[in-house]
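Paired with chain B in one complex and with chain C in the other, chain A is shared by the two complexes that follow.
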Partner chain A sequence: MNGWMGRIVMVDLGGHSQKEIPVDGETRRRFLGGRGLGTKLYSDLCPVPIDPFAAANALLFMTGPLTGTVMTSGRYEVVSRSPLTGTICDSSSGGSFGAALKGAGLDGLVVTGRAERPVYLYVHDGIVEVRDASAIWGLDTQKTQKAVQELTSAKASVACIGPAGENRVLFAAIMNDKDRAAGRGGMGAIMGAKNLKAIAALGGQATAIADADGYKAMAARLDRAVDKNPVTGKSLQVLGTSVLVNVINAHGMFPTRNFRGGVFNDAEGTSGEKIAESLLQRQSACYKCPIGCGRTTRTKSRNGEGPEYETVWAFGAHLGISDLTAITEANYACNELGLDTITMGSTIGCAMELHESGALKETMLWGDAARLAGWVEDTAYGRGFGAELALGSKRLAAKYGRPELAMQVKGMEIPAYDPRGAQGMALSYATSSRGGCHMRGYMIMPEILGHPVFLDRFVTAGKPEIVALIQDISAVVDSAVLCRFLQFAMGISTLSEMLRTVTGLDFGDEELLAIGRRIYTLERLYNNRAGFTRSDDTLPPRFFNEEFQTGSSRHRVVRLDEMLDGYYAVRGWDTQGSPTKATLAALGL
Partner chain B sequence: MAGAIEVKFYSLLRRRLGKASLALEADGLTVLELLLLAEKRAGQSFLDELLDRERGLLTGTMILVNGENVRLKQGLETRVGAGDTVDLFSPAGGG
Partner chain C sequence: MIHLDRETLVKMIDHTELSSHSGEKKIANLCSEARSFGFYTVCINGGYTRYASEKLQGSGVLVCAVVGFPLGAGTRSAKAYEAREAVANGAAEIDMVLNVGALRDGKLDAVRDDIRAVVEASGPALVKVILETCFLTDEEIVVGCELSVAAGAKFVKTSTGFGAFGAFPAHVRLMRQTVGPEIGVKASGGIRNFKDAWRLIQAGASRLGVSASVAIVEGLSLYKFAPAAWLEEEIPCHFCPSRFANLDKQPKAVYAYYKKKCLACPHLETFNKFYE
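And then the complex of A and B:
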């Protein structure tokens, strides 16, 4: 078989059994792999929404047909129901774990059940070994990865949880290849609930390529395009993702102090430009990636990975903190303990506003850089007020009677782009299948960065069509599986050519878009079953009612009501946001 | 500075020029004229980071006049005057 390995293994940790999940060619063609096939398999295995921490819940680690082939193809996708949001969730991570898992002979690994004692999985040569992890339970993610490599192979790629996942923090991440994170949605907490500490994958098998000559020519063209593109060939390499700090701040939509402001006066001090001239030691790159957007950094006392843009913001402007060292060390702590930096920072910011409003007695002060790393650690271990931070902002704000102070959609915290500054991004947040996430449909690309075309960020007309299109394309890229940054240098036709040369199947652009639409709709069906309706496709009231008084997004509010009906119409969903029978029939769902 | 246009350099431009801003005593220029003047004053070329060979905006170039992208105004023909702030970003991405 070309492109896919043709093998997905399901391991029941409670029943001590394994079996292969058969996937036919038609299903592969309709869902590809990664996020798409993962969502399809999850929906089949757990059609009725259940407690994410229940033993019966399934947790899928998925690769795609392009995994282990072209540049950036070391990624993998983790799919399950999020304990943070209750939605379907896929969480994506870079590094090389995806390539290793596929190279070990699997397109995907499905984990169900709960082990009686801590275990880790060792995947190699097409088989999955379940091994005792009692000795490594409790270790941080860095020590865990080293220990598991010592127990398996120095060449193994390891994905694992730290104390946060063990303690079921609702936004615990899965960390792999040192500091790459499947960060969002709390997939690490599900591993913790299953007593699954780590997965080691030892690759070796190459993905079979259908058209070797075509593949080589396509890969060479991609190399040139990525090299020539100023974003992938230069900016991301030199300045990393934090180059956006000044960009978004200049647009007056850099969320400051829990989204009460859109301009952070100390942005310069936390910018990518500043990091490059202060903490940066070198770039770091994922599997076969010529871009290398990662930052290996050093503070006076420590070294590690990051911070990247979202983290700079979450621990910086969002909290009124401009101490780059404190931000960076909080990032290191999240990496080691296994926490999503966005939800961590956003929840601390929520607590700060709760305290300022008088609703929360616990002293949480804007700009308190000295306590930042301590809050992170307390969260991972559930110590003191950390046990409440571990719930995420939605539950925290509700507990203290001020639900409107949580900057979240469907329970997931909104990242570093204030939706009042970009109407399309606002619609994308509101309709994202996993909640307040920028990655479902990154409207910042056209509305701010001008890729592939520039759109007026304050206009709502035409945005429903474009949001749906970008959501669909993103679902395809997440299912192929590749890094989104390639989208700066390639269009959907390039992706279609990649898939053709690798799999031998001629996916035209239209078929790929239909696949994206199918995946997005399947995610919606699950969310509908989990109780999400039109009333959940919204944003915190702040974005509709409060205007900034300064900056270039001043006097703007989100005009979701001008877009939501149009979006449902484009999607073929009814007025309550449920896919119609005709839509399901057209998509073969 | 009174009577000046403040030009701010970000991203790769700042690294190339080694400075974050320039105050240009000027008024009533188009953005293109301002860029040419800024290049002259900076003593170093940088327009290739922002413009193509035909002096059109590169995909992804962001030039903001008082926070507003010139693509929403008259592009490189947008007029700027004393007291205005012009932010220059070469194409950037992240997320």
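And then the complex of A and C:
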């Protein structure tokens, strides 16, 4: 079989059994792999939304037809129901774990049940071994990965949880290949609930390619495109993702102090340029990636990976902190303990505003860099006020009677682009299938960075069509599975041609877009069943009622009401946000 | 609205690489892309004409060499020699830079003779005249177009890409109105994506000089899925030459000319309130 390995194994940790999940060719063609096939399988396995921590809940680790082939194809997707949001969720991570899992002979690994005691899985040569992890339970993610490699193979790629996942922090991450994170949505907490500490994958098998010459030509074309594109060929390489700090700040949409400002006066001091001249040791890259957006850094006392843009913001401007060392060390702590930096920082910011407003007695002060790493650690271990931070901002703000102070959508914290500065991004946040996430439909690309074309960020006309289109394309890329940064250098036609050369299946542009639409609609169906409706497709009231008085996004509020009905119409959903029968029939759902 | 398919678009593109620091590897990549996408020409510095011609042999892609680039202030004979040598090395098209200083001085005969010398030296090759619109007023752009046509050029072209700004629809529209339908208008400089290209084609451009050619063609493949939405208009300041007036980069009089137009424009208040 070209493109896929043809095997997905389901392991029941409670029942001590394994079986293969058969996937026919038509299903592969309709959902590809990764996020798409993962969502399809999850919806079949757990059609009725259940407690994400229930033993019966499934947790899927998925690769795609392009995994292990071209550049950036080491990624994998984790799919389940998010304990943070209650929505369907997939969380994506780089590194090489995806390539290793596929190289071990699997397109995907499905984990159900709950082990009686801690275990880890060792995947190699098409088999999955369940092994005792009692001795490594409690270790941080770095020590865990090292220990599991010692127990399996030094060449194994390891995905694992740290103390945060073990303690079921609702935004616990899965960490792999040292510091790469499947960060968003709390997938690490589900591993913890299953007593699953780690998965080691030892690759070796190559993905069969249908058209070797065509593939080689396409790979060369992609190489040239990545090199030529100023984002992938220059900015990300030299300055990492934090190149965005100055750009977004200049657009007046760099959220400051829990989204009460759009300009951070100390932005320059936390920018990619500053990191490059102070902390940077070297750039780091995922599997077969020529971009290398990762930053290996060193502070006076420690070294590690990061910070990238979202983290610089979450622990920086969002909290009124300009101490780059404190931001970086909080990032290291999140990596080691296994926490999503966006939700962590955003929740601390929410607590700071709660304290300032008088709703929260716990002393949480803007700009308090000295206590930052301590808050992170307390959260992972559920110590003191950390046990409340571990709930995420939505539950925290509700607990203290000020739900409007949580900057979240559907329970997931909004990242580092203020939606008042980009109407399309606002619509994308509101309609994201996993909550306040920039990755479902990265409208910053057209609205700020001018790719593939420049769209006026303050205009709402046309945005429903574009948001839906970019969400669909993103779903395809997540299902192929490749890094989203390639979208700067690669259009839908290139992706289509790449899939053809690898799988031998002729996906035209139209079919690929239909796949993306099918995936997005399937996610919506699940969320509808989980109780999400139109009323959840919204943003915190701050974005509708409060204008910035300074900066390039001043005098603006989000005009969601001008876009939401149009978006539903484009998607073929009814006025409450449920896919119509005609839409489902057209998509074969 | 103009219908534009992929075949038409690729044949409007001069796939361009004119950086001083680009070596053979970049030129080879340029040729490879041009061959693969079927662009009309590759537009390169004269020193790589023979190299590119060899790379593109049998592909149907032509070679376009620049002359007097990027300043246009050299001697007439030097420009003519440069053009003759480029054609001998395989160039089918010549993009020459007009003597901008002479035009602004009102030495119109000198400008026309300069162009005519290149046209004659180029023999069968088609000659395009780069006006470098960022350094000219509207009136000077009109004169530049008229002199180019009178001297035998088959195309007028907006920019080198090295000036204060590149191609804007307003300039292309003015150039098209001036030269009529029989003479080509090439837009170049700062054309980064499909929407930029589309606007310039709508304004009357029949050729595009771009480095981001692949991205523009890829953009067309996305455009078809939501055509109206991609082309939803924005505040015109974003593509107005007056908005881009820059005292550091333009002659004082030209800067003042554009600034005056900007200050009189009804969009200025909206721009300053919401966009600046």
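Definition applied: the second predicted complex is superposed on the first by the 589 of 589 C-alpha atoms of A that agree within 3 Å, B and C clash if a C-alpha of one lies under 4 Å from a C-alpha of the other, contacts with A are read in each partner's own complex, and residues count from 1 in each chain.
Quick note on the criterion: a contact is a pair of C-beta atoms (placed from the backbone, for glycine too) under 8 Å apart; a residue touches a chain by one contact, two chains touch by 3 or more.
If you're wondering where the values come from, they're calculated on a predicted model, not measured in any experiment.
Upon superposition of the two complexes on chain A, a steric clash is found between chain B and chain C. By the touch criterion defined above, A:F454 lies against chain B and chain C together after alignment on the C-alpha atoms of chain A. Touch criterion not met for A:L365: it reaches neither chain B nor chain C.
When both complexes are overlaid on chain A, the residue A:I127 reaches neither chain B nor chain C.
More chain A residues lie in contact with B than with the other chain of the pair chain B and chain C. Once the two complexes are overlaid on the shared chain, A:G551 sits against chain B while remaining clear of chain C.
Contacts of A:A206 after superposition: neither chain B nor chain C is touched.
Judged by the touch definition given at the top, the superposed model places A:Y442 against chain B, while chain C stays out of reach. When the shared chain is aligned, chain B comes close enough to touch A:E308, but chain C does not.
Contact with neither chain B nor chain C is seen for A:A585 once the two complexes are overlaid on the shared chain.
Residues 450-452, 454, 456, 552 of chain A touch chain B in one complex and chain C in the other. In the complex of the two chains, the chain C residues touching chain A come out as 29, 32-33, 36, 192-196, 211, 214-215, 217-219, 221-223, 225-226, 228-230, 232-235, 238, 273-276. By the touch rule above, chain A contacts chain C in their complex via residues 221, 224-225, 228-229, 450-456, 458-459, 461-466, 469, 490-494, 509, 513, 552, 554-556. Touching chain B in their complex are the following residues of chain A: 230-232, 234-236, 238-244, 246-247, 250-252, 268, 272-273, 276, 293, 308-310, 438-439, 442, 444-445, 448-452, 454, 456, 484-485, 488, 551-552. For chain B in complex with chain A, the residues that touch the partner chain are 10-12, 14-15, 20, 49, 58-62, 64, 66-69, 71-72, 87, 89-95.
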